[in-house]
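In what follows, structures are represented as structure tokens.
One chain, subunit A, appears in both complexes that follow, with subunit B as partner in the first and subunit C in the second.
Coming up: the complex of A and B.
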């Protein structure tokens, strides 16, 4: 039971790293807590449901589509909202109120158009592209996809493995962006010392807009997998996702996107172990972790390294 | 003599004027709904179905109110509690103290009904409890509540337990697993089910018995843990999102339980078919709800007529047709019938009127019968199993009680 819980925890946790990484990128650059983060995740889920329902293709193809759509949405939202926010007397407090309002609006509008019921995608739909390629290369039955994947002799949902691999790729790309591109270097400079970055002539607004767009894009990509990881989604799904993301981000280190990867895996493992041995208490975990980390290491597990870097 | 006649006429005129002033222009029914949040998918169908009843009645000139010996239109005063119990508590108070509604109707489900039970009792207001089946709501010292459209949770799982007790040993069911969400509705069902099994003395061992938070949407590890106990039957008690996640996870990890019971595969079959798919629901045991079983009625529409009315009004596909889509209409029927026999709108008189219907009223939810605490004991849902109908869809096969059975159980699940 423990081995199963640990492997499940790693897979689940890697997915939660993807859920939280966008939130942390936005906070790291802009020092704004995007309380509508989970709602963009929810919208990403509905993009996937729309792609499968209308076009009938593998929802994996919805990932780049959702990323691009919400990258653009993020850039537009940034230019509409954030400059006015930064010009106010208390931008951090106002940002919390503003994004809370945005969260409510997104949920309400989605409810109006899509209703309140649970929506999902058949599990076998995810990864059909792989089974199609496999059939073309090696033959076999075309409907063999969607079954469990064996790890250490135990079966895990294929969707979990695909979500975990996608998360690893996304985290890798965020790493490449931050450490291998010029815009990424500027982003790290803004994350480190926003005022100094501004003083040295860095276009902080451009860097922030890019980070905000990428943050929303990553949330939407995480949303693509939400129907598979959580069974179904509703327009109200965003609030819970935001809370869990926030716990993971704080656990890893607020302001360090890569710390989120560690925070996600630790959260995932803890969740699965608690669900195995103390199932009634599992939902308390994000809050318990939040309290512990704030008491024992307020800067998060990777906090120190980031501030210095 | 003339003076006496004039005085008598004047007295009659004044009495008539006073009576006219007392007759309201409408009957105000206060209720809540959740347009968002965790309980929206069970709340909105109930509210929509109550509204459907009100609209149909108002189109017909209203409902007959015996207290005033005339038909009066009904006005549904409704607020959105957003699935939040604290908000619901405030709004229930508002309905009673500010809106001064004539009748108080609870939101759907035990979680959002719970605040109404206490508030109604404190204000001595009779609560028309639509689908809040939690056992703690009903007690001998609380006369201000009656359950309209679902059986009380303490007896609801009896057909499932009786199946295990009476048919289980012959089928080879010796070990069972119980998984439940820790809330009033499903927790009570699990407790009742466990008690029925234990009290029966049948040689069935409970090898897994765990509660999970109602918000749980991931069961992969739990399914693995249950599977490790090698149960002959698994009984899960959760809300619709729990059941969707559980059934999907069962299919995803490739585990095949010999027998699997979930509540909402039956209660909201349309919703679960959309989210789980027919394959994942095949051979699943569940309750057979009145939305899929035609009961003879002596008041209101029967199931086919009601379904046609529902489809006409809610044709956009945003609301699924299931037990909850029938529950609000049933509440409306009980209200209508109670108003037609109550001699005043006094809350205790309304209670008397509602209780007088017990054993006499038959709606599309089945025979309406209350116990002395207001718990619904008439509208029992048989245990059924979802089987392929040969045309690519699923149909209900009623399994237990044997008197209403339409087929034999498929056990173990292929």
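Coming up: the complex of A and C.
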């Protein structure tokens, strides 16, 4: 039972890291709280549902598609919203309200077009590409996909494992972007000191726009797996997802995208252990954890600077 | 005439008189009651956000805790309604005291922690393990105290108290000190303002107001579930109404509630998703083009708006 909870916690935790990392990138670079983060997750989930129901292919293919779509959406939104916001008196506070408005618009538009009913994807749809390849190369029966995968003697749904692996890949790519590319180096410069980066001639707007687009893209990719990890999604799913993302991000440390990976895994393990042993208290966990972390170590587990009034 | 008296006579009193008279001519009393509740909550947000700059994103936590404070007293101690409402205010203040450490956080950190705190209180109360005390997720039914007429009157009393404290803040040295702290805490403390004490007082005052409002709400509706009284809409609506009108003023939140909640009731009930769309666009437009609220249209022209 404990082994099951721990492994499931790590799998969920890796996925949760992916859920939070986009939010953290946006906050780290722009000091803007994207309260619509969960709604982009929700839209990503609907992209996956659309791909499965309309084209009938593995939703894994929706991941790059969703990333590109929301990268472009993010760049456009950035140029519409952010420069005006940054010019106001208190951008950090007003961004909370602005993006709350955006989240309302997204939820309303999705509801108008798709209704409020719960939607899900049969979990066998995810990873069909692997079973097809396996059948082509090694023979065997085609219906083995979607079955449980054994780790340490316990069976876990294949969709959890695929989501965790995809998350690892995505986090790895974020790392490569931040530490191996020129734009990534500039991004880190803006994260550590915005005004000094501006003074040295870095095009802060371009860097921020890229970070915003990537942040939304990552949220959408995380959303692809939401129907498998949470069972089903509705247009109202976004608000809960935002709060969970915050718990994860703050746990890791706000403003340090790679800390989110650690925060996600810790969150996932705590969540699964509490759910196994004290299930009625599991809902309380993220919030209590969030408050204690903020009060005891506001900079998060890997943070550098403490931000207290 | 001193300006505090002027504000009381020409802003607070007319609002109270209008809402005291309206039930006689307008049939939808629940709607009027909700208007009063949102006037209280928007002014409560005004006290903490307008005067100190802390954005209480989980403001509903005090409201819901107040409602459940009222419910627990009525269910288990068979208390009459008025002491139970006072106890609801006390519950709000106690929760506020418990959460005072949050004031150490700044900016977005405070807003997020406050949101988390309100959700933690919700999940604590809605926990099936506490069914003996709070009835958990199954909701409470308080038929013993049911009396909408008195509850409406009590709501007006709470509104009077709230408007009174905003008028006081607007016209007193303490209010000025709070605004100084909001603009620049270090300079304010150099000028002799006790920053921590001022912030805590404003925080507890807005918690008290929301707790009382929650108690009155529980009295009025008498049947409710945790999700009703802890609905994030209360926090969000109160914040947006206050901001739309303009915070750190007396009239701003009143104007915001009357206009936005009015629109909500015109189109919100039949097609909630269209209201949500308009509402979201309105918020975006507000932040981008009018971040200081409707009153800033007048103050920009040099008119004085109380």
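One rule holds for everything that comes next: the second predicted complex is superposed on the first by the 304 of 309 C-alpha atoms of A that agree within 3 Å, B and C clash if a C-alpha of one lies under 4 Å from a C-alpha of the other, contacts with A are read in each partner's own complex, and residues count from 1 in each chain.
Everything below uses one rule, namely that contacts are C-beta pairs under 8 Å (C-beta built on N, C-alpha and C of every residue); 3 or more make two chains touch, one makes a residue touch a chain.
Keep in mind that what you see is a predicted model, and the values were worked out from it rather than measured.
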Inset, instruction - Could you check whether subunit B and subunit C clash or fit when both are placed on subunit A? - result: clash
Inset, instruction - Please indicate which partner A:231 is in contact with in the superposed arrangement: first for subunit B, second for subunit C, both, or neither. - result: first
Inset, instruction - For A:105, decide between first (touching subunit B), second (touching subunit C), both and neither. - result: second
Inset, instruction - Considering only the touch criterion stated at the top, classify A:64 as touching first (subunit B), second (subunit C), both, or neither. - result: neither
Inset, instruction - Once the structures are superposed on A, label A:157 by its partner contacts, choosing first (subunit B), second (subunit C), both or neither. - result: first
Legend entry - Which of subunit B and subunit C A:283 touches, first, second, both or neither: both
Inset, instruction - In the overlay, answer first, second, both or neither for which of subunit B and subunit C A:243 touches. - result: second
Inset, instruction - Check whether A:294 is in contact with subunit B, with subunit C, with both or with neither, and answer first, second, both or neither. - result: second
Inset, instruction - Have a look at where A:93 lands relative to subunit B and subunit C in the superposition and call it first, second, both or neither. - result: second
Inset, instruction - Considering only the touch criterion stated at the top, classify A:12 as touching first (subunit B), second (subunit C), both, or neither. - result: first
Inset, instruction - Check each of 113-121, 221-229 or 293-301 in subunit C against subunit B and return the one that clashes. - result: 221-229
Legend entry - Common ground on subunit A, meaning residues reached by subunit C in one complex and by subunit B in the other: 107-108, 111, 280, 283
Inset, instruction - Would you tell me which residues of subunit A are touching subunit C in their complex? - result: 27, 31, 33, 81, 84-85, 88-90, 92-98, 100-109, 111-112, 239, 243, 246-247, 250, 254, 280-281, 283-284, 286-288, 290-291, 294-295, 298, 307-309
Legend entry - Residue ranges of subunit A in contact with subunit B within the complex: 1, 4-5, 8, 12, 107-108, 111, 114-120, 122-123, 147-148, 154-160, 229-232, 234-236, 240, 272, 275-276, 279-280, 282-283
Legend entry - List of subunit B residues in touch with subunit A within their complex: 34-38, 40-41, 43-44, 83, 182, 210-213, 215-218, 220-222, 224-225, 228, 240-241, 244-246, 248-249, 251-255, 271, 274-277, 316-320
Legend entry - subunit A-facing residues of subunit C, complex: 53, 55, 57, 101-113, 115-117, 119-120, 123-124, 127-129, 185, 232, 236, 239-240, 243, 273-274, 276-277, 279-284, 286-288, 291-292
